[in-house]
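The two complexes that follow have subunit A in common; it is paired with subunit B in the first and with subunit C in the second.
Moving on, here comes the complex of A and B:
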């Protein structure tokens, strides 16, 4: 009985100690990358515009990187007005002859995540266009980037 | 048995309390200990503080220099108490555990700095320049570092792009409220991510920080900005500043820009601090610059008095100017001037439309007829900066300019010479008639002046603007200074408060004057600014100034924008037009098609009109920089107001404009974080990029050792 009580008290003390060392959930901060893909099927993708936000969780965008394909390698532009409303509108175009087809990563968004709620990212493709400016059917996908 | 149980319980509770306290306190101790070691470079260097300007010596309390040591990446370091023994002597070139130091033959020693190279690429279309500056940071040490660099850009630069290159990857920085950006940067830095932060300390002084640069690695930062060129006496002028001059801060002032020797971080006690290389030191940091000009009309002449350049002329209206590889030390402003064809340049409106609406800039030239009218008698007040930073070539240039001016005064004019350094004094109690004898006395007084002491500019301003004005004469106050002060806003506020009927003409003297201060003083003072470089003919600069003031200005200007639907035009108060000095207005518009813009003003007692026909629908031209120029001028206007208006909404308004247009300001900053790559260990030592003192400036009279 005594042994059990001693053990319980020690366990309690260690739990309290471990809990006290945990970072405050409200101030826990980490950084992660989110990859944005556009799948334009068999049509070459020359231009796109999408809106990106987090449905849950508290995020702050801290950097925007370009994509995999040479046509979208340079970091795309963002709309600073949209950024003031906790979302970002990103757009890019390429005038080169070599354009990506199928699923291609067009951008990578670096975010700061605060709090312990896992963010759920949403991306809404507003437009995708071919080299002659024609709208093409396409879809956008989000995927978490992997640390290097 | 009971006693035994109690004893066990007491021991258990005591253990729990110890464990709890250890859990709470040890991480804090560890954090504090890490800071005490790893921030060691950032602590003020506690040596004897001799102020060469004030001539005082302060005795610091602590004579110990903290050791510059770093733990290994996977090492935990706990420091519970400071050592009592003598400080460990370490090489100040080695902020980490070692450095690649090259000692060159001769007396100059090459010191390692984390900024290797700056590349500047500019394009000019009409009178709008777009410039991209690439700063190549690297880590020459064998420990991880954070690089910090205080550098200048043109005072009217609208910075709207910030990009960080890490190896093959390129990350666009994001504009944020300054405090938020600083917090994000700190968090990223502490978590080992490569990150960068760009903040504005003055409209022409910026701080770049790059965190977690690993040994041998390089990180490039690209900054892009737009600005309008000045048009001075028939020449367009492009300026790229390369170094921040050493600023003087009045006693008790802490929000200034300090000037300290390399490795003496924190010695100045100022919010911003620049570290300078000693006279026997040089860094490997160099600069390259290329400028493509498309003037739209034939370029008649190009001149660069500041640097050695190579010029190519692919077409009559185009030129490519490249800085010579023989002139790559970044220690003076690059100043390129070019003259375009035509006897007089006509007023010129540029427009741009996008989804935000229409934006325009108008370069408004004075009417030619101003040249025909003579001026009325003047009361000339020369205010000469005789502080330590002016000693040597700068003050000689300033004295030559004043001498030339004194010889051009007419008998009906009066004059006064005021000098200031730690205090202000003057030639006479009241304005002196410009007769031959008095002019000779003025010249004698002038020749006795030399540079020494602090820059208490506020005393010079009060002395120049406070004495009673003779209403029969136009009072012209000419400030001749390098503008090396840290309390710019205080001076601008003082000019606004005391200006009265005076007009201020500021003369920037030296190779890297504080152009923000000099421009703002002249604008607020309804005058103009001119620059007297060390290699220029100071007399000729003064002759051109006399050309301006020898004819009346077109004043009280109003603009009827016709069907343009113009709004939000800056500057809100249109400056007077002097001969050879156009002004740039920028605003928004809603109109379309062709319309007439009518500019009305007074020359003496006569009314004058300038009529411009403008086409708002020119589809051939796009000037993407114009919205940036407009937003930047709006911010400058709000910023000027904030120097004398206590309205608390002004900072918020500046912030809103800057965020909406993605622009740098005092209240916004650019931050970029690479969240994917995470470096190991703590973030290392902060290393300031030490810079040379500007060409012609004496180190011993301006920099704290």
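Moving on, here comes the complex of A and C:
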């Protein structure tokens, strides 16, 4: 029992030591917006689904907005669990007649970045479709928005 | 020639004197009596040593592993505070892709592609808005009508992180 108590005290001491070495939270945390673009070329984009994550760095997703075009202005579908997580699957569709072509910003993701490691974001387009539901080749691009 | 081979070891053959040999034999051939208490003590120790682990008192096991557990807990706490990025690292890409590539056969798979994605929701939405209307078996929530709530249900399934990680 005495040994156990000794080890617990040691653990407590090490924890306090480790805690004291943590960087100042006020300086190590920042927020940034990440814009996601889908380029569907000359085909109208009616639906998309992509996965977003950070390959490096410690990020937390704190908010998700819709895009620029009226067809995707509303917040897209995403799992609420993704908030306060580091990855998310985002999807949206529009059955309206007015659809974007070419490169269009479809979503904006707000993230909280912790630590000094610059995050590297990846976006993987899982599916894109035209108005008739046909899968179309498209590219997803990620771009850092303004820092806050 | 043969003599030189026999003595290559350099060890001459020794033979104890007759009297010494008899004395030694008498000494070690003696029948030393062992008291029954000693026998019982040895047997008790052997039983304790060879008793199955499951029958041993649990408290001793706990006490034996307590220091190791405390050390492991201390190490975990240190790692947690020193390297929080390790805990927040995304799932390996290969695993994610493998998970997403796995085919599933679900009710939400409207287009029969083998996976549930936004195109299933999109297809159902288009059917709802079309003159033909949707099929009755696309009533996902079982409320008797196929409407926008069923579309939303499929879309939520498509973006579910839990589903994408277990597929």
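The rule we apply is simple: the second predicted complex is superposed on the first by the 113 of 148 C-alpha atoms of A that agree within 3 Å, B and C clash if a C-alpha of one lies under 4 Å from a C-alpha of the other, contacts with A are read in each partner's own complex, and residues count from 1 in each chain.
Basically, contacts are C-beta pairs under 8 Å (C-beta built on N, C-alpha and C of every residue); 3 or more make two chains touch, one makes a residue touch a chain.
Note that the structure is predicted; figures quoted are calculated from it, not measured.
When the shared chain is aligned, subunit C comes close enough to touch A:47, but subunit B does not. Contacts of A:30 after superposition: subunit B is touched, whereas subunit C is not reached.
Of the two partner chains, subunit B is the only one that A:111 touches; subunit C does not reach it. Of the two partner chains placed by the overlay, only subunit B lies in contact with A:63; subunit C stays clear of it.
Contacts of A:81 after superposition: both subunit B and subunit C are touched. In the superposed pair of complexes, A:142 makes contact with neither subunit B nor subunit C. Where the contact sets of subunit A with subunit B and with subunit C meet, they give residues 10, 14, 18, 21, 60, 77-78, 81.
Those residues of subunit A that touch subunit B in the complex are listed here as 2, 5-6, 9-10, 12-14, 16-18, 20-21, 29-33, 60-66, 73-78, 80-81, 83-84, 108, 110-112, 145-148.
Across the interface of their complex, subunit A is touched by residues 5, 8-9, 12-13, 15-17, 19-20, 22-24, 27, 163-164, 169-176, 180, 184, 187-188, 191, 193, 195, 659-662, 671-678 of subunit B. Contacts from subunit A toward subunit C in the complex involve residues 1, 3-4, 7-8, 10-11, 14-15, 18-19, 21-22, 46-49, 51, 53-55, 57-60, 77-79, 81-82, 85-93, 95, 114-115, 117, 122, 126-127, 129, 133, 135. Against subunit A, in their complex, subunit C makes its touches with residues 63, 66-67, 70-71, 73-74, 77-78, 81-82, 84-85, 88-91, 93, 96, 100, 111, 117-119, 121-123, 125-126, 129, 152, 155-156, 158-162, 164.
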